[in-house]
């Protein structure tokens, strides 16, 4: 009864390839700006969704998908064979994920308008039920993505592939115990092909991490769990590229990699920036206007 | 239908007081020896149960209940009002727990013979259903006890009581993510009235921790989670007493306390000692004989 | 009685919970509240603001929240621990099982955003299994009130009931139609509309829909009885058996999967007592999806129209 | 058919799982196995010893094990992830829900020590809710075979079925009575004993008890039909409806709580199709306790004697 509503159109891979190549001609900073516009517009259109963390992780996702990751939107396979794989553990960051996927050529950018609508492939949190290309796994219930990444990393090792498994987590998300189970597991099994990002924006729903549930010395925690840890500016695209490359190069040391990316929630939209209030709130028409006036349209709105 | 089978006899508190006082006249080492005999005999009689970790945590439990803990077996309340409270997180260590409780005077030592039998108050893992004095909470599913301790510690603080909350965990148990959730919570809420023990015997069911799922630098982990950590010899009763006292004295520093007790699984029974094979296996008659020959009967068998 | 229930204005049931909790905070100093980074969504903010020393923020760590609540309860407090329904049931089933139900601790598990009406967040957040999960646990009382007033009354009532409770409520604004001063009696089903031809046993958001359905049916000359099963466990067996015996046809209506839900509970009871034709208004073996609450209710056929046709099917099978 | 089932010697069903897994390891290199520090109890040691590179030790971290299995599955492996039944269901319900069922990953969840026959460890380890938990999840297949041979066959069969599966088996040695070479057909109920007066739908360890009950009833002139519901989901509705329609009286028998179990599943089906008097051989709203498996089966009335009296009660209510 419900599946029949799915938007099942599969755009030709040829078309997708063209989109990708075109997008790749833009400087990464311009792509990030367009992605931010997409995020704000999607959440406004849906009248629900999570702009805060999407805006804080925009550069991380841009640098990863448009520069560092070995992927092929034109010929995507759910099993990720022969390619790097990306898992969005913090599923509420679906706006940035969907925009990045569409802008990479996984599906038509026009489909971004269906975000959170009945029958859409762009569910509130990523889902595989309707076959959206680019999404390997459902997420939304926090704390599960790093475990999934561990499994995929094991497959890569068993198959002798030297591709990487990327995963994006929220900082608040690391309060979930399952994250530390996965941390211990990855270190024990020496899954150095895992490169994880924490979007360290210092905020979660009820307020700053520090007030809600302090992460304490987060760097020390990951190190104590046997990981290589790097702290970097999560809005500096060149810095992000550098730490990802560094992580890839260090993969022989047998340790999984945690890239703690210092960011600001709501980045680049003045009234959203640095506060938890826009974690999961949609801007109204006026607010959207105000936000968009601060974000350059580069590639073109959907 | 089932509860009717319960052994509901409640021995008079007067009797219990006499038992306690008598037991307290023995040196702690002699109590520990008797407790070890109880463990071996209970598990043999039940033809099931967990001798390995019970034998490794015997001195910890002896020092705690017969020296450091503020408790009153004669007048025990489930809500622990005005007293210290103890939670056994690693519920499979029920043999040592039950022996310590009986030897402290919580219930008749003769009841130890009912361990794991149909209708017994001495369930395979501690349970409150049948009202066994000394047991505040059910356990058995690993990883939950530290969270419970956090709750009790909060009550003590709200009520302005300066009693302590003790909790005993297994080392393998700290692979459960919930333990790290509780660790983060206790540090965030500055629950310095929690004194936790890890029975660091280096073994779990499938083998040494190191092989099954390495705990890595366990001390660094707890420190990184914001706890005061002490490592001590978990078979040296004086050392145990000293670290408990130290933990109590340091309670003003606002940090919860983790006492990592270095122990050996199956301690004092040569064929059980230092191996995981007796984690959850009952000795047969002959093996029991052999084990008991190595353990001095001091207070008298049940 | 055929009382006329009128909507006194739409309100969300979670706000009924928030109001009840706030009131409890004022009258009972043993009440403490715990939340896992969803204080605003659970409408716990009034309590948190007025009683900060009794509000315990747990962060995104639901398992630990349940254990902490159990520890508070065993030492004498009355903890209300809240999150989205999926995260205080499926996420923590084993913790609820051991540290709350089996340990018989006086914990009140407060579950917001239950069912498909959670809306746009979609399937990972929309539990339609929580009634099934929680009613399996011995010692646990399971309550699913129908509107703002009843949720507020239930919140207050469970504080006086010594023992573990699961309290389920929802996100969207829906009609508020029960009397504001009605006392909440745990385990006592409420006859909302008396009727003779078919018994509609409804719970939660579906009670209002059932009353609407009864009105529609009345217009067609069918006399439907509507019973509000606000307490799923312990089920008011007598009320169910008597009504079903009287009408000889049953409809169950709930914002839940068929599997594990109120419908199967009642089917199990009636096959043991007096087998009766029964139709289910519930979701059959599907995950939810994103959408607006009202649209989803229509899409998943959880509304008055579905109850009307189910009632006719049940009657036809007498 | 009234086939005579003979016990070819007691064996534990978990050893059937272990043998099946070991065999799969030899024939299919995509099979991987995961365990959470219970390798011996799950009888996974033969697999682990022969295929160490495909055996993944997860330590005591079941949530992560499920997620890891999902990650292995999405990338092309066929993971069999095992622990005690409570720890791969209630402990990880939300993980199974999102990363296995909703994500439609090809994970085989392997649950040993299910039910009361877990024995001496007691209630915290004895799940009698796992069928209820797992059958609520869309996309998941739920299987509960009856003996060693059938468990081995089921283990092999689920490897060829693409999709998430829950496989439930037990700890103690019990009669092994189904043919060693019988192919396991998912979703196809097995008629074990043909009869006319009452239908006994049994699953798992209770199938043998049901056959014994049918023998006893035969001696008293009552003709009981025994159907082995080894696949709880998808339920073989046709088989259930036809048998119930033929006999007009139903007994369900399972090592599970009444709530959420096979009995309620069948009651729900029959009230929609053709309401039929039904009696439940299952545990009513109690936690288990420590004891020897056989003693517990007697104590909780999960045996042939209980089925016999339930059958008589059901027949009397026709």
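Chains here go by letter, A, B, C and D, matching the order in which they are written, and residues are numbered from 1 within each.
By definition in this document, contacts are C-beta pairs under 8 Å (C-beta built on N, C-alpha and C of every residue); 3 or more make two chains touch, one makes a residue touch a chain.
Being a predicted model, the structure only gives us computed values, none of them experimental.
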Top of the farthest list for chain C, CA-centroid basis, is B
Between the Cα centroids of chain A and chain D the separation in whole angstrom comes to 40
Taking each chain's mean CA coordinate, chain A and chain B are separated, in whole Å, by 44
Dist(centroid_CA(chain C), centroid_CA(chain D)) in Å evaluates to 31
Flagged in chain D as touching 2+ other chains are 58-59, 61, 63-64, 86-87, 91, 94, 97-98, 102, 123-124, 286-287
Chain A touches at least 2 other chains through residues 127, 129, 138-141, 143, 175-178, 181, 184-185, 188, 213
Contact graph of the chains (line, ring, star, complete, other): complete
Contacts from chain C onto chain D in the complex sit at residues 86-87, 89-94, 97-98, 101-102, 123-124, 129, 132-133, 135-138, 250, 257-260, 263-265, 267-268, 270-272, 275-280, 285-287
Contacts from chain D onto chain A in the complex sit at residues 32, 53-54, 56, 58-59, 61, 63-77, 79, 94-95, 97-99, 102-105
As the complex stands, chain A meets chain B at residues 175-181, 184-185, 187-188, 213-217, 220-221, 223-226
The answer for chain B against chain C in the complex is residues 78-81, 85, 87, 127-129, 136-141, 143-156, 158-159, 177-178, 181-182, 184-185, 188-189
Listed in rising order, the residues of chain A that touch chain C in the complex are 1-2, 46, 48-49, 91-92, 116-120, 123-125, 127, 129, 138-143, 172-173, 175-177, 204-206, 211-213
